[in-house]
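In the two complexes that follow, chain A is the common piece, with chain B as its partner first and chain C second.
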Partner chain A sequence: MFTGFDFDVIQRSLPYLWQGMQFTLGLTLLAMASGIVLGTLLALMRLSGIKAMSVPAAGYVNLLRSTPAILVIFWFYFLVPIAIKHISGDSYAQGIGPFHSALIAFTMFEAAYYCEIIRAGIQSVPAGQVNAAYALGLNYWQATLQIVLPQAFRNMVPILLTQSIILFQDTSLVYVVGLTDFMGAASKVAQRDGRLVEMYLFAALVYFILCFIGSYFVKRLQQRITPPR
Partner chain B sequence: MAMIEFKNVSKWYGKFQVLKDCTTNVEKGEVIVVCGPSGSGKSTLIKCVNGLEPFQQGELMVNGQSVGSKETNLPKLRAKIGMVFQNFELFPHMSVIANLNLAQVKVLGRSEAEATEKSRALLTRVGLIDHAPKFPGQLSGGQQQRVAIARALAMDPIAMLFDEPTSALDPEMINEVLDVMVELAQEGMTMMVVTHEMGFARKVANRVIFMDRGEIVDDASKDDFFGTTRSERVQLFLSKILHH
Partner chain C sequence: MDFSFLSEPAFSGGGTYFDWVLTGIKWTMLVSLCAWVIAFTVGSVLGILRTTNVIWLRGPATAYVELFRNIPLLVHMFIWYFVMPEMVPKALGTWMKTGMPMPEFWSAVFALGFYTASRVAEQVRSGIQSIPRGQTNAALATGLTMPQVYRHVLLPMGYRIVVPPLTSEFLTIFKNSSVALTIGVLELTAQARTISEYTFRTFEIFTLATVVYVVITLAVVVLMQYVETRIRVPGYIGTGR
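This part shows the complex of A and B:
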């Protein structure tokens, strides 16, 4: 059944594929960390009673959530250099490079999704907890950092991780700005050696295994986290 | 100067008026019980004292500071006024001792060691020192409420507010909480207590405030409140809650 296929190509290109995988994991973790930080700030802004905070945050989230990720990556790659040139007035100004523009694009894109998850998490913390924190003399930031966010994050870790698994898959889109992630590496080998079936099967298998393990871990975690009250 | 002074305080939720021209005061060392049917604005009234509920009209002075004024540093004022809630509101992600230490360290700037010493003394006082390392979820309701009282006392408050402290408790746990409150009252703590526990009122209250539909209907010394003939509304209320 497998006559004519050459699965050795996988073994031969493993070091190159591993480089790609390191890039994928690195980009995922960086975008996840900065996305969660930005998402938290956006969520706090959306929940703020001050219109000047909540309206822009809501606008940002709605805009980014109704835009394809690939478009956001393009924007950053092609528009940021133009913007930099325009602002600095230096027509030889360099862009920020494909990696940084991809990282910023994913951070901003994912932050919109993380924001909505975190907002729900914050709202799941009873108002009485905030009142109790204020009654003790804590200020807004102390109450938020010591009382609200720790409880909110505990409630939403599983769904944040699920979103991060989706981010892990989405990072394969960086091929559009010429970056070589795991998918890109597999793709290049496939086309160089004319081994499309083997390489794409292998890539699918790797993504499946990693995401499956991730999802399984999330499910276990979900069962372990009992409601705090 | 009264410790807490309400002058014509009014509050609206949209068009609905929850507090109507409330005027009363609480002297240092006084214990005031606030009672009345549900929805009468008792909880709202005491939550105004530490600014948890903003009000739109009137003036409210606490220890000489105007609560409604923009210049008042609310966190600073709140740190001086202890509050105990109906649902305890201990922080479930922190141990009992950490619940007591938190604001002492973050707000009063005490060292962790100083705070722990204070916390342990207070936990001993409410009879829960053995539970210090536990989490709130591992304690009974009565124990949680005693921890909540200790947490408020850890800030060395000048007055204490109690918002229906025994309403969420099983009947057999009510007394352990009331005992702590009675002791506190007898030590001279200034207290404003929203409660239906008339036994507590009889024992330690100086005055009883009766509220109905956002108004202070009756504000009388304990003996007058329970003794002489009161308004029909108060009598009806008392007959309803004293029967069981």
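This part shows the complex of A and C:
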């Protein structure tokens, strides 16, 4: 089955694949950080008693969660340049480049998923904590930032990390707009050298090892922070 | 927004652009439903195996789940489409490359189905494991054998518990079917992109595609809420009394 398997092509293309992996990791970490920030804001909006806040947030989250990731990537590829021209008022404005378009697309997309995780986390904080905070004279932002969110995030860290592993896998979809992430690099080498079998199996192996180690540590973390029953 | 381009004959033949959208919806549905058949059956078997005490049943099922869910779906697609014909015996591989009808479609169905099976397995497993151990013990004490316990106690309860997570897995498979465009299946997202390239009506056609996805999602959610209320186990949280 592995006769005629060319391991050399993998070795030759390692520097190029590493460039792709740096793109993937950079995109994952930045989209994760900004997605969690945006997701937290969306979750606070969804939980707010003010209709003008909660309805748009719920609409946004439900819309993004029922749209495929690839379609969202296409949407932002199309919308981001238009938005930049609109904001800058310069119809010849330069784009912000494919990396930033992808970053915005994944941030907006993942924020919807992070929002639902964070919302559940906030709701798991006992109501007495909020009441006690208000009784002490804290205002909304003080209570949220100093009492609710620290407790909520402690419970949510494993699920947020699991979602980030999914995000790491999803970033491979930037292939559809021709970007050179890890998968994009692998498939470019595969097609240039006609070595599809080697490159795709190697890509699968790398993704598997990274995600497997990632999920293992998440599981360990979860066991550590879950109170014994 | 101007949707009049939909009734124009398409640039490269094959009816109007609206016909293209319909074809896209058809392939999205076909890929999702066929893949769901695989995902549900294989995932159920794997999930049940993972709850047994027999290590040589549980071990391989666990290995399958870990292997399949830690590799991105896009890589699954490429492996089924590009790598599989090279790995199987030569005669079969040649047939897959030249004789097999609709190779993109079947590769997409297998990739999506076997990938989602690992996720369904996890849901089925956690559903069965959420049933209190006392029920298994009570069933065994009344003289049922282990297969009978599964058949009459654990599975009827477990499947009713996992309806909501399985609904969201179904919606995920439906959205994930868009990844099939990478190996050339002309499903809804692919058609939307092609139409936007031909007509430059990007905003309209993407809006239309998004609306179709949202409508199908809503339809599934409403249908499953009805199913859920019908099959609820009385006396459990969520029954409303």
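Operating definition for what follows: the second predicted complex is superposed on the first by the 214 of 229 C-alpha atoms of A that agree within 3 Å, B and C clash if a C-alpha of one lies under 4 Å from a C-alpha of the other, contacts with A are read in each partner's own complex, and residues count from 1 in each chain.
Going forward, contacts are C-beta pairs under 8 Å (C-beta built on N, C-alpha and C of every residue); 3 or more make two chains touch, one makes a residue touch a chain.
Bear in mind that the values here come from a model prediction, so they are computed numbers and not experimental data.
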- prompt: Does the superposition put A:131 against chain B (first), chain C (second), both, or neither?
  reply: first
- prompt: What is the contact status of A:215 with respect to chain B (first) and chain C (second): first, second, both, or neither?
  reply: second
Query: In the superposed arrangement, which partner chain does A:16 touch: chain B (first), chain C (second), both, or neither?
result: neither
- line: Between chain B and chain C, more residues of chain A are touched by C
Message: If we overlay the two complexes on their shared chain A, which of chain B and chain C does A:139 touch? Say first, second, both or neither.
response: first
- prompt: In the superposed arrangement, which partner chain does A:78 touch: chain B (first), chain C (second), both, or neither?
  reply: second
Task: Would you check which partner chain A:147 touches, where first means chain B only, second means chain C only, and both and neither mean what they say?
output: first
Message: If we overlay the two complexes on their shared chain A, which of chain B and chain C does A:99 touch? Say first, second, both or neither.
response: neither
- request: For chain A, give the residues common to its interface with chain B and its interface with chain C.
  value: none
- prompt: Any idea which chain B residues touch chain A in the complex?
  reply: 47, 50, 52, 74-76, 78-83, 85, 87, 89-93, 102-103, 106-108, 137, 151-152, 155
Query: Which of the residues in chain A end up touching chain B in this complex?
result: 126, 128-129, 131-139, 142, 146-147, 150-151, 154, 228-229
Task: Sort out for me which residues of chain A touch chain C in the complex.
output: 1, 63, 66-71, 74-75, 78, 169-170, 172-173, 175-176, 183, 187, 190, 196-197, 200-201, 203-204, 207-208, 211-212, 215
Query: Across the complex, what residues on chain C touch chain A?
result: 66-67, 69-75, 78-79, 82-83, 86-87, 171, 175-179, 181-182, 189, 192-193, 196, 202-203, 206, 209-210, 213-214, 217-218
